[in-house]
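Next, two complexes with chain A in common: one pairs it with chain B, the other with chain C.
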Partner chain A sequence: MNRVDTPQRIVWRLATVVDVVPETARTRTIVFDVPEWPGHRAGQHVDVRLTSADGYQAERSYSIASPPEDSRLALTVEKLEDGEVSPYLSDDLRAGDQIELRGPIGGYFVWDVSLPGPLLLVAGGSGIVPLMAMLRHRDVALERAGALARHQVPTRLLYSSRKWDEVIYRDELARLAEKDATVEVTHTLTREQSPEWTGFRRRIDRAMLEQVAWPASERPRVFVCGPTPLVESVAGTLVDLGHEPERVKTERFGPTGGSA
Partner chain B sequence: MKRASTESSKATASGERFVDALRVDGNAAAGILSEVFVQDLTGARARCRGCGTTRDVGALLVYAHGMGTVVRCPGCDNVMLRIAGTPTHVWLDASGATSIMITRRID
Partner chain C sequence: MALISRGFRGRRQSAETAGRLPPGQYETRDFPVLSAGPTPRVPLTTWNFTLQGADGTTARWTWEEFIALPRQTTTTDIHCVTKWSKFGTVWEGISVDTLLSEAATKGVKSSPYVMARSDGGYATNLPLADVMGGKAWIAFMYDGAPLAPEHGGPARLLVPHLYFWKSAKWVRELRLMESDAPGFWESLGYHNYGDPWREQRYAGDE
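Up next is the complex of A and B:
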């Protein structure tokens, strides 16, 4: 007889900062120790709550950057100039500090290696964060797997950033693509490129997706994440190109979703 | 579905385009919904009272602001859920959804 799993309520927990890692000039990764963390799936997020001395509370959502296999929780935060929460998380938070967070949240925008078939990831700016959790999970889960397992989940990332030094996880992505022939990473730089840059130099458009993405007949699972205008443009174009709408999953970050 | 949202993002009025940019997905409502529903709702299926289409809650359009959160059908723009939180209450109006189907997790 099947046992029905009793769902767990998501509760606010006190998380302690154990490390802070700069990524780019405006982003950094904060690593937390979260007691009794129930585990998560790649793509999920947490809500973070900050309370000031006078009792004022602000809540924001952040995608989890670390894969489920890590014992610690990592969030990558981009500092928004007039942000209410991000300056504190970007500039002030340090090891030993504590914040409240709840999660993991979201069962829709998730992926793991048990889902077969081609995987297409499209990111704009800080939209790379949940997709990086998926790539890191894929890397760890397939570490001891043979070539056949890797070829069952071929993966392509199309990543839009304004300039090369704003590309988050740049070196890690290069290493991933280099060591794993079943992972392809394509960058587009929309605002500034060095003269030697041989890659794309514009916003993601239909021609770029036709070139980089699998054809609709391959039925890739697609995850698009970043600023709302980019996500809607990319998702709409993919559907126009024949991809099934239910296979194109989106995570819009809103208007301030970062670069691209 | 996605077609409707991309059409409205091409609207000529710059005010409309600003609101479009504020739009997010069902995931964004998942946090406050977790105070009402024990199961994560973004993977649940919800049927729209306006057009009858059933979709994953994660695929619905969310407009969140200080006054509360509005969840709309991507196809017909009907308001399916309205959620507001105060220090003492969570308020939910789900009258725009005729049904919500949640999959049990079975070991």
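Up next is the complex of A and C:
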């Protein structure tokens, strides 16, 4: 590996809110105009910095939801009741406001359509966000390429939510799966299901992965993002099922014992 | 001058907390898990630890030999590049100083840089000076109990004065190097050195 001799500093930029889109009761998407945004890859994140009037600063990381093809940068933020930054982003920020952000950050949990072979995405809760950037990128980038290109990157998403109303991007995911036979979306609802719900109603386990995921022999590229217990369990099970550990990329949030 | 976010107050911190937090960090009482891939599982019967000189000379310990070395307990604050800091964490392990002096008796010569290498393919680079002088350990106990696999067990490097990605989980080898070379995150846009007090998060941060 060669050293990068003079890395460019990832500078703080002034981002202007151009739109705010409610997703679920606890999440919303904030769309920013970021002048001279250097571009990003699906799966990367940004750092957001807030400064109070007395100079106190707080920084947090948020996954990018928008595909690289979009001229605007979208973050989907889940409001954590005891959070310091997410309540501000969720309740206070509105169109026309500015915040500071820098990025893109992270060069490992990334995917683009030039990587051939099946793609397996496994999400828990707001862990869908970086995976949505991948799905959106796949959709836009293959729009013109036609069916053959789509068949070269068949894609399956297994998405665990507590209840149907907490499924982020629910309608858009349905539309993607509807219009593109090479995208399969499977939901599991772990906490609450309507009587007519016919899908999975438990946490992701080995049997579910055996049923939904590509078998290891297909050598899918795997991205798992969600709360730590979900990611630990899913990634470990996939390795047990024969998937090569280096093809299973993970992003975890929250503590070891947190609830999924 | 940073942009002031209208209406943002932030969490009021005690002076003590503020003084212990590097710039851009917040305190957590949890112990978040950050790893790029699945948690590797290696049985202790096949686990060993290697210290390799730049010329290929090696010193190696089995698990039993390793934990029989003189142990140290250290209490320290840790700082993750993803912004959380955790105060007063308690670790038990073998000082890297101890390993270096043991290895020296087996002919392993010193070099100015070291690459920590882990099960699962992870690696991170450090100046040797940063793992000497009581600043770094190979830790296998956390908070009085064996280190959990998702936190790097059976053993991880502990270099608490740098961002925590330098404290390689599942570490199996320290490889001394005559010249510096980037590890895993250091090749993927993160800072080569990673001093939290200078907020050296990403390549290019001063």
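Everything below uses one rule, namely that the second predicted complex is superposed on the first by the 247 of 260 C-alpha atoms of A that agree within 3 Å, B and C clash if a C-alpha of one lies under 4 Å from a C-alpha of the other, contacts with A are read in each partner's own complex, and residues count from 1 in each chain.
One rule holds for everything that comes next: a contact is a pair of C-beta atoms (placed from the backbone, for glycine too) under 8 Å apart; a residue touches a chain by one contact, two chains touch by 3 or more.
Everything numeric in this text was worked out from a predicted model, so none of it was measured.
K.L.:
Per the contact definition in the header, classify A:Ser233: touching chain B only (first), chain C only (second), both, or neither.
P.N.:
first
K.L.:
Return the chain, chain B or chain C, that is in touch with more residues of chain A.
P.N.:
C
K.L.:
Touch test for A:Ile10: chain B only (first), chain C only (second), both, or neither?
P.N.:
both
K.L.:
Regarding the shared-chain residue A:Lys249, is it in contact with chain B (first), chain C (second), both, or neither?
P.N.:
both
K.L.:
Give one of first, second, both or neither to describe whether A:Leu50 is in contact with chain B, with chain C, with both, or with none.
P.N.:
A:Leu50: touches chain C, not chain B.
K.L.:
Quick check on the superposed pair: does A:Asp92 touch chain B, chain C, both, or neither? Answer first, second, both or neither.
P.N.:
So A:Asp92 only meets chain C here.
K.L.:
Taking the superposition on A as described, I'd like to know which of chain B and chain C A:Ala58 touches: first, second, both or neither.
P.N.:
After superposition on chain A, A:Ala58 lies in contact with chain C alone.
K.L.:
Across the two complexes, find the residues of chain A that touch chain B and also touch chain C.
P.N.:
3-4, 7-10, 47, 59, 61, 105-109, 228, 232, 235-236, 239, 245-246, 248-250, 252-255
K.L.:
Which of the residues in chain A end up touching chain C in this complex?
P.N.:
Against chain C, the touching part of chain A is residues 1, 3-4, 7-10, 12, 14, 47, 49-53, 56-61, 84, 88, 92, 97-100, 105-109, 228, 232, 235-236, 238-239, 245-246, 248-250, 252-256, 258.
K.L.:
Any idea which chain A residues touch chain B in the complex?
P.N.:
Residues of chain A touching chain B: 2-5, 7-10, 45, 47, 59, 61, 102, 105-109, 227-229, 232-233, 235-236, 239, 245-246, 248-255.
K.L.:
Would you mind writing out the residues of chain B in touch with chain A in their complex?
P.N.:
Residues of chain B touching chain A: 1-3, 5-6, 9, 18, 20-28, 30-31, 34, 38-40, 42-43, 56-59, 104-107.
K.L.:
Please name which positions on chain C make contact with chain A in the complex.
P.N.:
Residues of chain C touching chain A: 2-11, 23-26, 28, 30-41, 82-83, 120-121, 148, 150-151, 180-182, 184-185, 187-189, 201-206.
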